[in-house]
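Below: the structure, in structure tokens.
Labels A, B, C and D are assigned to the chains in the order they are written; within every chain, residues are numbered from 1.
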Amino acid sequence: MPYESGPQSAGSAEPRTRTVILGVAASDSHVVANHLIAHALRAQGFHVVNLGTCTTVGEFAEAHAEHPWAEAVIIGSLNGHAYEDLQELPEARRAGQLACPVIVGGNLSVGSHKDSNDIERLKGLGVDVVLFDPEELPATLDRLRTPVAEPLPVAS
Amino acid sequence: MPYESGPQSAGSAEPRTRTVILGVAASDSHVVANHLIAHALRAQGFHVVNLGTCTTVGEFAEAHAEHPWAEAVIIGSLNGHAYEDLQELPEARRAGQLACPVIVGGNLSVGSHKDSNDIERLKGLGVDVVLFDPEELPATLDRLRTPVAEPLPVAS
Amino acid sequence: MSHQPDSERTALPPVGEGPGVAAQAVAPLPSLAESVAYVRELGKPTAAEVLGEARARGRVALQPRCGVGSHVQMTTLLQDLERHGNPDILSLTIDSHTRLKRFDKAEAALRRNPADLNGYPLVTHGWQRGRQLNESVGVPLEIRHGSPDARLLFETAVASGITSFEGGGISYNLPYSKAVPLSESLAAWRDVDRRCGELAELGLVIDRELFGTLTAVLVPPSISLAISVLEAVAAAREGVRCISVAYPQGGHCEQDVAALRTVPELAARYLPEGTEVHAVLHEYMGPFPKDRGDAEDLILYGALVARLGGATKLITKTYQEAYGIPDTRANIDGLVLAARANSPLLSCLRLDEDRIAEEREWILREVAEIVEPVLAAPELLPAIVESFASGRLDIPFSASRYALSEVIPRRAPDGAIRYQATGGLPLSDTLKRRNEQALATGGGEELGEMVRGLTADINYFLTAFDTPGAPR
Amino acid sequence: MSHQPDSERTALPPVGEGPGVAAQAVAPLPSLAESVAYVRELGKPTAAEVLGEARARGRVALQPRCGVGSHVQMTTLLQDLERHGNPDILSLTIDSHTRLKRFDKAEAALRRNPADLNGYPLVTHGWQRGRQLNESVGVPLEIRHGSPDARLLFETAVASGITSFEGGGISYNLPYSKAVPLSESLAAWRDVDRRCGELAELGLVIDRELFGTLTAVLVPPSISLAISVLEAVAAAREGVRCISVAYPQGGHCEQDVAALRTVPELAARYLPEGTEVHAVLHEYMGPFPKDRGDAEDLILYGALVARLGGATKLITKTYQEAYGIPDTRANIDGLVLAARANSPLLSCLRLDEDRIAEEREWILREVAEIVEPVLAAPELLPAIVESFASGRLDIPFSASRYALSEVIPRRAPDGAIRYQATGGLPLSDTLKRRNEQALATGGGEELGEMVRGLTADINYFLTAFDTPGAPR
């Protein structure tokens, strides 16, 4: 059943395997890239806790509480609502939740004419890395591994 | 031979038949409308002296000298050069030639965006009537028949 | 014209977390009868009438997707599209907060920056504004959304005098939400369909478009059509009289044409007589090419497939599809280009009819094997729920936990979409073998390998333009 | 690279009333060898190379018509078309004063108001400006004009490094002038073709496009093709190596496709081996519909006919065709729309091949019966002159006195162009009967009646859009 990817399968992972938490933003049901990214990371040896579509910041925080050794939370957003759907991120971070790098990728604003503001305002919410090409994920995860003492600083 | 329409056939017309002189402007070779207009006027009983394509003002003047009883000179222009091709009209008129109404019709300027200036500047050259729809020719000829004592006034 | 209150209105089960709208803006919903009278007075045809007329004239009706957050901008958008794009029907595409009944989020976004919304939050704006939109254009409107529970949205749409409504208990659940049980969405949509039945009795036929497009990417035709058949049967039982069966262009010409041409046959087999059924093509719903020329090739291709497949309606795409919600100009250009396929000058175009006939038979058999066990069950909706739980019904790439997604589609070398794995679908060995033979992918079973192959199949139209001649 | 003077240059007979250009602007023509070297250094493919490449890749090369009076505006026009319309070849359409060697008029108009000119007066601007234009874009240029005597224009074009030149002793006389004897135009074009032969020996193959479009309106395919065959044979004898046979879209799908597909067969039958021959479709050359959508339907239809007929090149039209010389935007839109027909996604489209095969045989027989008596004569050019004088060669709607125009074309009920009267054409009774049967117009012989019928046939595409389905 290659597409099974529920959070159920996550709890038992041992800290030795590199673990990431994956999901799609809260109002977003675009799932195809999510499936493919999960497969690709698994093929690279990662343990992927895939929360699937329509995942709120709260659900990401819960999953991270269950897998505190997760290297990163990776959030896809395709429907243009990334900024909308991550409104609760600063509060969660302030509350000490999600104390690991947050990576966001996909199609990050509404409309066909994008500008860098899309990225800046996400960073303003506390997103650490914005990516577009999923192929950059493994290298990015390697780079982020350089241990950080405390939660990454949150801008704004 | 329904399309024969050379000036050769013109000389012998008797004043009793209503006569018009037809042709296409000097730089213009578009002939299809010319053929159809000639046929249509003939079907209505007119004697049509058809000078065909590429007819200079001088040739129209000659034909009129041969058929002084012609009711009108009817000039088609499709290629956009009407104004160009009628540059000699004022001089011909001043010289007393073409002392009958001059009707011009077709596509009267270059380009796809027309304005009324196209008509005005032709009238400025001494064109009496500007038409677009050949179906209006018979009624126009009837109207112009109301005898005029002297050549129509030439503007500008 | 009667404005009497409609006692049944209160019989509708309470809906979700409520509208969450700016209270001063939204009046209580009018009665059904008042809404029916309003539609009559509107002086425009209903969507069902437009579809009937298009079919009678042998042309494909055209409809763009369109929806923006702001009411003023939505009005302008509809008017611009109508004036310059000459559509037969216009859409109100609803934002994805409203779809998931996150009305408070929709309202917050509307207050903060309406441009951040990916659609028009009709419930939040309210039915009076819906009527304003309706009155601003001459063609009928359809609501396009993706709500597992669309009851409040539907009531608001009807009150707005909108005569076409997309969705279904399966097709607007599995692709659009993660954790809504099918039993809930099926029940919610049964209510919507029942309302359509009531409206039909009041003399207003609502066109109900079923979202056979599903998750849009590599959808095997027989899965799309099977689920539409099940939703159509359910809808017809509740009194729905006009059904549009939407099918997503998959990209293989003969397969898509054959799929569209099965719709009348499926209607004749499975639906009560007198149900009006239209085939609708959704222009390619997978990843679109980024190059404008390539995207326009795909748009025209889709429109020709709609015509040659005998679709009544086409939902158009734009050359900005790969980038984001299109601007008005691109949306108009998409309509204008698709309109070329309706040209009377193209009546000389033919297709490989033998190939199509073969494909059509194959699809009809697959659909029959999938739906007939479910239709044979004593109760339809529970049978659907159970079948999905066991995998006897399934869709690829489900966004929801309530489908197993054990089905794996792949493209055959000729570009047609086939089953690599049929999961729990009750397909006969004959049909399984035909799929296997068609694919003959070889290739490793290894995960990385499989993902690469699948990705290439998904991204078919990103590379189809690199070589001249056939896509493959 | 040699700049040696070319002694043959003075052997060319003196041309017309001379250039009449602003003397300071135009330098004496460079030698042929210098021009050949210039083309090599230009760093762009020749037109013949572009055509060869298009044929090899199985796509239709696209080319717009374009020409304005002003040099600066012409430069901008070419650059805009290249940047946004992605053509394979660009045109310099020449004004109609220059075509008729009225160089003084062209110069006067240029001084007074260049916008009054319906094309670019290359001779007046001079070859140095021609080179500037050539250098301003990356694709090769073709001169399109309509000159019975194009010798000075050709010399100027070659000096400008332009590698494609349209016209022929018949096709650029009869539709374009009233009183130029065919013997004169044939002699002038023999000189042009001979120069092409010399250039080929110097290593530069000029693409010579023959204007089979003729008077464009209701041209029976066999007349267009027969005259191209005669011009092609004459050109090949003078050493022309690359010939484009232009055929005007008549409007009947299978007839047009069949006509295009006869070109390779005609080349094999009548031309020396090693002559490269391309079929070129001119998008519908008769009266264009005024409605933009209708015009665009016709543009796309033409482009599809080109593809399905296997044309190497398509000359595009615009939705402004019915109004006047198009603006740049419309010209770009015409190119972009036609480009859709090259889409690799449309490889599934088929036509009625039986119908096409039948039509093709018919056309080949008609062409054979028209050209073979002429080709059998001891001397080709005088035989052509005599045949036109006697009506054994003829064209409908001649602008010139030197064709009898006893041929009357009409549309059959299916829209195909047939002979109502074959005049003096030496067609066999079999073929005459087939034409009669196809037409079966009935209708009065009376003049008014005939003119009405003919007008309707001419205006075919002004009404083809009123009814859905086939044009008729």
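Points worth noting:
One rule holds in what follows: contacts are C-beta pairs under 8 Å (C-beta built on N, C-alpha and C of every residue); 3 or more make two chains touch, one makes a residue touch a chain.
These are the chains along with the protein names UniProt gives them: A, B, C, D = Methylaspartate mutase.
The model shown is predicted, which means the values in this text are computed figures rather than measured ones.
Between the contact lists of chain A (Methylaspartate mutase) and chain B (Methylaspartate mutase), the overlap is empty. Path length between chain A (Methylaspartate mutase) and chain D (Methylaspartate mutase) in the touching-chain graph (shortest route): 2. Centre-to-centre separation of chain C (Methylaspartate mutase) and chain D (Methylaspartate mutase), using mean CA positions: 48 Å.
For the pair chain B (Methylaspartate mutase) and chain D (Methylaspartate mutase), the distance between C-alpha centroids works out to 30 Å. Note on chain placement: the centre of chain B (Methylaspartate mutase) and the centre of chain C (Methylaspartate mutase) lie 62 Å apart, centres being C-alpha means.
Counting only residues that touch two or more partner chains, chain A (Methylaspartate mutase) has none.
Multi-chain contact residues of chain C (Methylaspartate mutase), defined as those touching 2 or more other chains: none present.
Shown are all chain pairs that touch, namely A-C, B-D, C-D. The touching residues of chain B (Methylaspartate mutase), counted against chain D (Methylaspartate mutase) in their complex, run 1-4, 6, 26-32, 35-36, 39-40, 42-43, 52-55, 79-81, 83-84, 107, 109-114.
If you check the complex, the residues on chain C (Methylaspartate mutase) that touch chain A (Methylaspartate mutase) are 96-97, 99-100, 102, 105, 109, 115-118, 146, 175-179, 215, 217, 320, 323-327, 330, 396-401, 404-406, 408, 447-448, 450-451, 454-455, 458. Interface residues of chain D (Methylaspartate mutase) facing chain C (Methylaspartate mutase) in the complex, by the touch rule stated above, are 57-59, 86, 253-254, 293, 296-298, 300-301, 304, 336-337, 339-340, 343-352, 464-465, 467-471.
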